[in-house]
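What follows is a short report on a single structure.
Per-chain numbering from 1; labels A, B and C assigned in written order.
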């Protein structure tokens, strides 16, 4: 009887072993004369599933590039796995990508905690951690310790700072109430905001946190309203940003609102405006660096036309109005430029060097005037934005190009 | 003859298994070794849960939380107090076991569905509580162990009996040695009076009390022991992953642990390893075979329901039935121990 | 002071939603003795059906609601007959695993069919808000509370004064004797599940507009609060479920505001503490009857 069970066990274990792939050792794994293998993790399910479009958009763009011959004749495969936003999964899956799939680099993995969890490992293994989808400042600030890691979007501190500067200048009597997610994303935005306000009369007078696992932020918004603030800073992810608007409206609170970039996509703002009935949405100010596919201004724009064509061909059924797809394409475009710069003889170190010396003035998916630059003293690819204000007919840019010079 | 049959065969089987486990790394790549280590970790947790649910009949949907207690004990001791990882393992067992024992006391008043609900509540609440005490636990960012000197094998190969072992190699042997030890310990623990008492509690509490079995003592003991095993598993999980944060031990893990012990076969120690294989590999297989998110969950759900409806005693029960047939055909007679399904 | 009343009002509104889902849980427990861990996901699935009818297929709101409730009823009965009935008589553990399997399956199905992104669901109530002495009271909130209380009344009437309701009660409390009197017990139990599914759909239809968003995790936290409400009110008492929900909603809001340590971070653990404390001190809840164990 026991023997039968043991036989079963051995069979199971043998099956597991049989699936074990052969170890492949080469100079730099993941690259052959005709192919490049990239890996990454994205939340396809779970609380952050809305961000899955970031990977989808990037993948669509890379397939478009492949259809045109790839980079130096190499076709790019981008294998992204679902970590359900759980960093422990990210660790295991990244190990799988590096040690079993032998990817050339980790690209476009999403999430602050998620990227921080794998950074030490990738750095030790000398695997590039390219264009991590997070605004965490440490990905630019710690370049000396972690030369293999780099982010892409403007850092959260930069964003908060520029919003703070705007408020200090344009609305000096602002008394600001802040709703911030209880993690480094929310904290960075708040820190940046306070720094941007420094020296002016506008002040943060109340701040409330919420957990990603919360079901609603109603009581936080009520508390913020009762502080008597006349300005509301929403440093929350889309689901909670919508709630913030809705509850403020229901409570009869009419503050001036600043919203963070992650939650300012047009479709989110439309949802928050509850069919035009929510008046708090009008007048919101936010920063922007990508072209919004639902903005009529870009209807005839060559880049957005290309975007739609690529989406129709390589991401059938996906929501074309979702600006995260544009983000994905913007970062994939940058990757391709970096690959070109790294040259025909492609190595990990070569790519890391190229990524550290970027000078891209014409990424078609970012707003005109915004340059993607990195150098020995600047490890932040994007630190320029425009301001925009939400009107009844959507976002309207105003003012000139803003550049963040801090760290 | 029967006595030899009763002791000799399990011993031979165990030895074969142990040898197979010892030899396997030769055929496995580093990454597969890591996966095998995770299988071992879940096996340890399931060994403990088996004591509680299989033998004592108490449902727990909260063992992920006990793994978390053990995991965080290890992480905090290593990063904040410079304790070497190996020494944290027994400490994790103690702390988690203590927590389990303490929970067992009020849980005496609950049974069946209410116990399931209460343990479910604990599993869901624990991540939020961990985040709250962030100066202690590192909050949402958790604790990173990568490259720390307290982590054996992180700074260079480990030398065992003169052989250098790579990091994953070392982890594999560490986990499976503890797993096999844990197996032996629970086998000894359960074969005598204690095992009979636990099974009596499972089969009928009122009858057990009338035969003089102290419900209080054995239920809390079962909780404590199972939590201690979970604590060791959690500690090893953190050591292998080099990372912990509040989401590392979510409610899904507690659910899968219960599933693993039920599918593997309640009351059967060997089915536990099958359960461990299931928990580790099912997510990978599911992801590899479906591009649409959500599909893997549908598969788990359907498989679970089908198993419960069609196969009440789990995989090991199926095997047992099969081998009973075999034994019957060869003319032998196997004395079934009372209480095994 | 206005803040206090504000928190009470919004607490009553969220409590109404907890109570509606708790009602579904209680109904199933009374009928079949099962704690349905999948209740939340069933409700989410129903809510998505309502959403897709109104948003993607252009159905007007009330016909879509009627259709959704009908489909939910059928779904509830179906689930009971296909999945729960085979394991009802078996061990508690098997039943728990089955409802958990159902939870996983429905959650995955929702994401598979409709994706994970945010949507909004049209609300049956106008979004106007009245200001009463500094407290903003939205019609949405009042409507939610009203519906929750209304359901309890309707259910009570159903159970007390209709033949079917009586048969259901008989099948739930005493299946053997009910059979002897000609009650088709399995169908009655299925009816119980169908009704519970309808209640869940109503809870979801109220929750999505109230939380201003719809995504697959809609009912995950609410399920926990519903468990707490059901346990607080008494797992076998429908009125208790709704009262428990209202008490819980208000209590959690006030705790969150006036006890800084709990704040918003520990709201969920606070609800769970309620579950634990009630189960340990008074398992039958506020309105339940203490069960006597027969030897």
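We adopt the following convention: contacts are C-beta pairs under 8 Å (C-beta built on N, C-alpha and C of every residue); 3 or more make two chains touch, one makes a residue touch a chain.
Here the structure is a predicted model, which is why all the values come from computation and not from measurement.
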Chain B and chain C share contacts with A
Based on mean C-alpha positions, I'd like to know which chain lies farthest from chain B. A
Distance between the centres, which are taken as Cα means, of chain C and chain B, whole angstrom: 33
Centroid spacing, where centroids are CA-atom means, of chain A and chain C in whole angstrom: 36
Residues of chain A touching at least two other chains: 44-45, 49, 52, 182, 211, 213
Which residues belonging to chain B are in contact with no fewer than two other chains? 128, 131, 293-294, 297
Using the touch definition from the top, which residues of chain C touch two or more other chains? 111, 116, 216, 265, 268
Using the touch definition from the top, list the residues of chain C that touch chain B in their complex. 33-35, 37, 83, 86-87, 90, 92-94, 96-98, 100-113, 116, 216, 224, 227, 231, 265-266, 268-269, 272-273, 275-276, 279-280, 283, 293, 295
Chain A touches which residues of chain C in the complex? 2-3, 6-7, 10, 14, 111, 115-120, 127, 129, 131, 136, 138, 140-141, 210-213, 215-217, 220-222, 225, 253, 256-257, 263-265, 267-268
What does chain B use to touch chain C in their complex? 53, 57, 59, 61, 106, 109-110, 112-114, 116-118, 120-122, 124-125, 128-129, 131-132, 206, 255, 258-259, 262, 266, 292-305, 308-309, 312
How about chain A: which of its residues touch chain C in the complex? 44-47, 49-50, 52-53, 182, 208-211, 213-220, 222-223, 226, 238-239, 242-243, 245-247, 249-252, 268, 271-272, 274, 277-278, 319, 322
Which of the residues in chain A end up touching chain B in this complex? 1-6, 8-10, 12-13, 16-17, 19-23, 44-45, 49, 52, 81-82, 85-88, 91-92, 95-96, 99-100, 113, 116-117, 120-121, 124, 182-184, 211, 213
